[in-house]
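Letters are used for the chains, namely A, B, C and D, taken in the order the chains are written, and counting of residues starts over at 1 for each.
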């Protein structure tokens, strides 16, 4: 039987960034197989072309080698090489019936974990072994809950099919879309997702969530012509002039009277030396809106500005989507089921009527959307976890008591839906 | 016989801006006719479509009415209505032979003339009667010399044909091109042009000139969509954002290692009210270069920047040429003839070997170019005139003693070429 | 007795822009005097230094002469010369008591009125006689109601003091502040303001209003150094470079998570000619926010950007406030009084419980604020007027049946407060 | 006795970037000592604060370790730790007399050396062992000549003092200034510098040089405030908005009518992630001019633009000089001595009367200036070296036959000056 705490701490010590969750996903594959699940993973679980913000081949390979060194199963690993780190475990009940999916995300963040004495993982000696990476958003807990649920359900009778979806690269809203595009959600009738923490105390459970913004993350690349800045400046095509013009004009996109919007150029890098007309530049841009339609319009405006900032200076350019999410609408029926099944779980003391509220972004949104488009129903829940520091903070943590609560909640929901 | 001083002072009192030289040109037509010249003028002398920087119809009409009120011949005037103010006087000699052209420009500047006591026209009571306009570049003198030469040659025997070209709108380098495009220079074998003043003292004559820069003057118009800035900013298409972006990027066009260049956005105007997204904007831009080819490249860069500044903000736009000139290359043979004929003119005390040097621009350049392209020869001379203040200054003037010198010089050159 | 319809149509025919309401204000002064009011006007009613966005002396004087020509009383007019067009009429009751003020605005807009057959003023032959100006925001109706109320109250017994405030230059939110600064509101215990139209049908009356935004209108002037763009560009200090930089950066001021904001650079003008480094430039900027504090922060950001855009290019600059308004908070007690007194007025069929909502801006806000700061109470009401076209539209109009309703409403409120 | 060819090839194989010439400088120190020179080096030879564009501590330390691994003397190395890689060798003659200095530069470039078969160092197996670094500007040859001269002069009688100055970080014009500021040139009466190659064939020697431009290289750092771009954009202070504004405005600095200028922003980098308001940005800027005064004016304009671009967005900033050079004026007397002493050197077949011409920049210029300011005399010579590819090219090389020519030339000049 799984030792939930040990598992969580092991994952916490080995935090892997988006699309490099080789070791984590290997453990998931191994565990699911040992529990009798059919397991789809590697290129079978994720559409390569639809992955957003994929790391460089160098980074992918270094992470791969690191996973090997840290004990991951080489055969399983081989199937995921190149950043194919999604896993789906399938368990069929005795009778045919609806398909119920749960989704768990596995990736960590590029944050240096605190080693202060008041940081729980430091006290208990399970801080990150991978310098610069940290599970600072509870995905170690999510993965643990996912495997805990896998175990719990493997010992139950039910009607229909269980699908446990372990997704890579939720940070930067990059990975869910590629599993959706691979069709992993196409046969799902009911989908439940959840997040641990979110400033909600342990023992409190929200059956639904509101407020997630549509967002698009774009990378723009400008390619000009280098030239000696003293000898022949007129022969250059200045990529930084194009990029700086784009930056100012992107920030000048107007406010919308129809609702809140956001625009940011988060990164701009270009040029090589004082005396060279800059040949290349690169920008990372983000748009957000309450409305998916307005967000698309913002994205289109950004693309237009980049196109013409490049054209103005005789530059070539590309724009690629490196992340994105859409708003989330939870089905009332699922929210109610979740709330009802929360009643009586040991340690649960509050089940608010109101949905939780967040202005963040979540790429599980694509999964909910696909299920709902096909006539299914879905919700996104919050599992309170008394986080002592905000998400993405070097001292972020969740109370481990929340883990068995989460497992039990998913188990009950599964049996309710598939009874 | 013409009273040169009176004529010059009358013209000085009635300064007319480019393409509105109705009164001036009427006097030229009348005088040439009275001296026996065939006179081509109005739409016969100038190609309407090729006029650059034409004033608005309102301005053209107001100037027309003013000329009527100030005694211009209504019949002559009628033929020039709408800004057709070029005149060509033709006189054929007894025998056929080459065609020799002289060119004189007639327009004034939008400058308020000084009424200080030390200003010669004020002392002698012939300052401008047309408020805000002034002959501050000696074109009143040029026109006077032109008519003086017309008179002097009407009494001479010669072989071939004399063509006296009186051009509008030299200021802003706008008018010569339209007379060239009408074909007025197509049959010319020899062309002499001259400028009075230019910081050269009375009695000094230069047979040629060097250094005139190629230049282009462009007007750009941006058309967006107005919208209430508070209620629906997202529905606007902001013409001023496009124009400001163009302005900064035009100034950022690189220096050229191949020689001096200049760029200026001289005017930017747009928008109507604080609370309206600006619908229209307008810019005036100037490029200059020692090299005609580089100037064309600068013009192309400006056009590209405007196109994409507009496209970036969803604007329509137009760019029109409102002025232009090319470099001047004087033929050595003509320079020598001019220098030789300067010898012995009363009042002339210096005939430098070197050509005069200026980094201004001159649209007579188009006339020289056309003659030279057809195998003819041409030069651009300087007639010293001891100007007490710089050109385009409210106290600019030229010493009237320079006028008979100029007339006599042109007369001698004509007889030398056409003997 | 006043003929309300005739009066309104006469005012409609003579629309005068902000601070040039010479004829309108003269009629107000004359009428109030004839009804027995003490009248304060000219420099006694308005603080000269506090007027925002005052027209040029030339415009002020031309409008003054026009008013003279259109029959305004020369003696009254003389006291208002120079743009002092505010009027206050004071009527004291038999016994001392509180001071109640009503405010009416008198100015028109720079809009060309429609002459289409379906436009009511055209059908009834009272369209604007002043080309380019139009009463397209119902201030002709406001002034008419004000004088109608003046007449109605002159025949009533009451306790305390009536103050009828006729303000100039509400458009552009420029005039109220100067009357407040002159102290006109300092002794006021109760203030009622109202607007006709606002997409509310005739017969519907709102006792209060919500949503008016804080706004600031700024004019920025940049002063550089002119220089010949070909000869000595390095000697110039380019005012348009500064202004274009300011424009782009003002538009780049971030969105606020605390509520809606707006930013616009509505006008930019600078430079004189293609070949001159631009010496001067001028911008008109507008900020808006739900929050007065955030609006101040936006104004401060705009000022900082202008300061440094100027400094960057060696320019001198000034920034002046040319308009402004603050949010409006209506006192619940006054709203209720207004709603109660609306009951039973002939023609009134609906008195909504909810306040009207608008995201415009109103400079009466300064008057409400001053009264409230002194412990008084105030509200801003809406008088439905079935406007067939939006405010500020060439076909804007209000149903004249709304005028007697408005007069009666104010009359009843006065007698309720001052009984 | 030194094997010149072996020495040059060893240096070529171990190219070290500016301020990391640990191994190279160690060899110089060792050799000079073995020849009997007094050697000043480390912090005694270079002013730490005056070093421009010093690499990071990490880079300095890694290079230091690399030098250790490649056989540099640990004791000598220890004195240079931290980027103190300048060396001065002093040899006194039998009698007191003037001080003569020669200057040699030692650093390499961040260029990947060609391994093509037609590249001489590849053919002879001495291409760079340090990946990404290359001696592509002949400084390996300069150092070799310097040591060859040291050896040649150690066996000669002379009057006065020889000073051999080996400077770091000439690339980017960063190192000479710090040796000047340490006083290394203060007692020098005569200074000769030289460059190999420069498109001049082997056997041709120029006694002087003309045309080197004044230049300044600046690094600007902008520091703002990070904030979540979705949650609280208004709390950020956006370093990239400031930097982009600076970039556009720096490029908009006007052309100068007084002579050629150049401006470039070669590098811009800022921001960390799509959803964070960028906190930091960094720019590298370069100005150039024929005139030192105009170059100072350009630098001042750049500084002003940076100051106000920062101020506009509430940013802190610093600007530091990371490189610079001034024009070079060679003393006619020294040019003649150099030309006279070139006569008769084996392999020399051409000694042009004209100085060589280059529009590059050289930081030896600071050394010439210091000597000349103190009343001394100096020149900058060219030693032809038949380079098959341009300087800074992956296939750059110099003909090794030029090395003994250079050594002999310096030897003869020394004996002429110090005889």
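Rule of thumb we're sticking to: contacts are C-beta pairs under 8 Å (C-beta built on N, C-alpha and C of every residue); 3 or more make two chains touch, one makes a residue touch a chain.
For reference, the UniProt names are A, B, C, D = Amidohydrolase.
Computed from a predicted model, the values in this text were never measured in an experiment.
Ranked by distance of CA centroids from subunit D (Amidohydrolase), the top chain is C. Looking at A-D alongside C-D, one finds more C-beta pairs in contact between the chains of A-D. Computed from the mean C-alpha positions, the centre of subunit C (Amidohydrolase) lies at a distance of 68 Å from the centre of subunit D (Amidohydrolase). Taking the mean of the C-alpha atoms as each chain's centre, subunit A (Amidohydrolase) and subunit C (Amidohydrolase) sit 53 Å apart. Separating the centre of subunit A (Amidohydrolase) from that of subunit D (Amidohydrolase), both taken as means of CA atoms, is a distance of 50 Å. Counting partner chains per residue, subunit D (Amidohydrolase) has residues 231, 233, 238, 241, 245, 248-249, 251-252, 254-255, 262, 277 touching two or more of them. Against subunit D (Amidohydrolase), in their complex, subunit A (Amidohydrolase) makes its touches with residues 172, 213, 215, 217, 229-231, 233, 238, 240-241, 243-245, 247-248, 251, 262, 264-278, 281, 284-286, 288, 322-323, 359-361.
If you check the complex, the residues on subunit C (Amidohydrolase) that touch subunit A (Amidohydrolase) are 248-249, 251-252, 254-255, 260-263. Touching subunit A (Amidohydrolase) in their complex are the following residues of subunit B (Amidohydrolase): 231-234, 236, 238, 241, 245, 248-249, 252, 254-258, 277, 297, 304-305, 307-309, 311-314.
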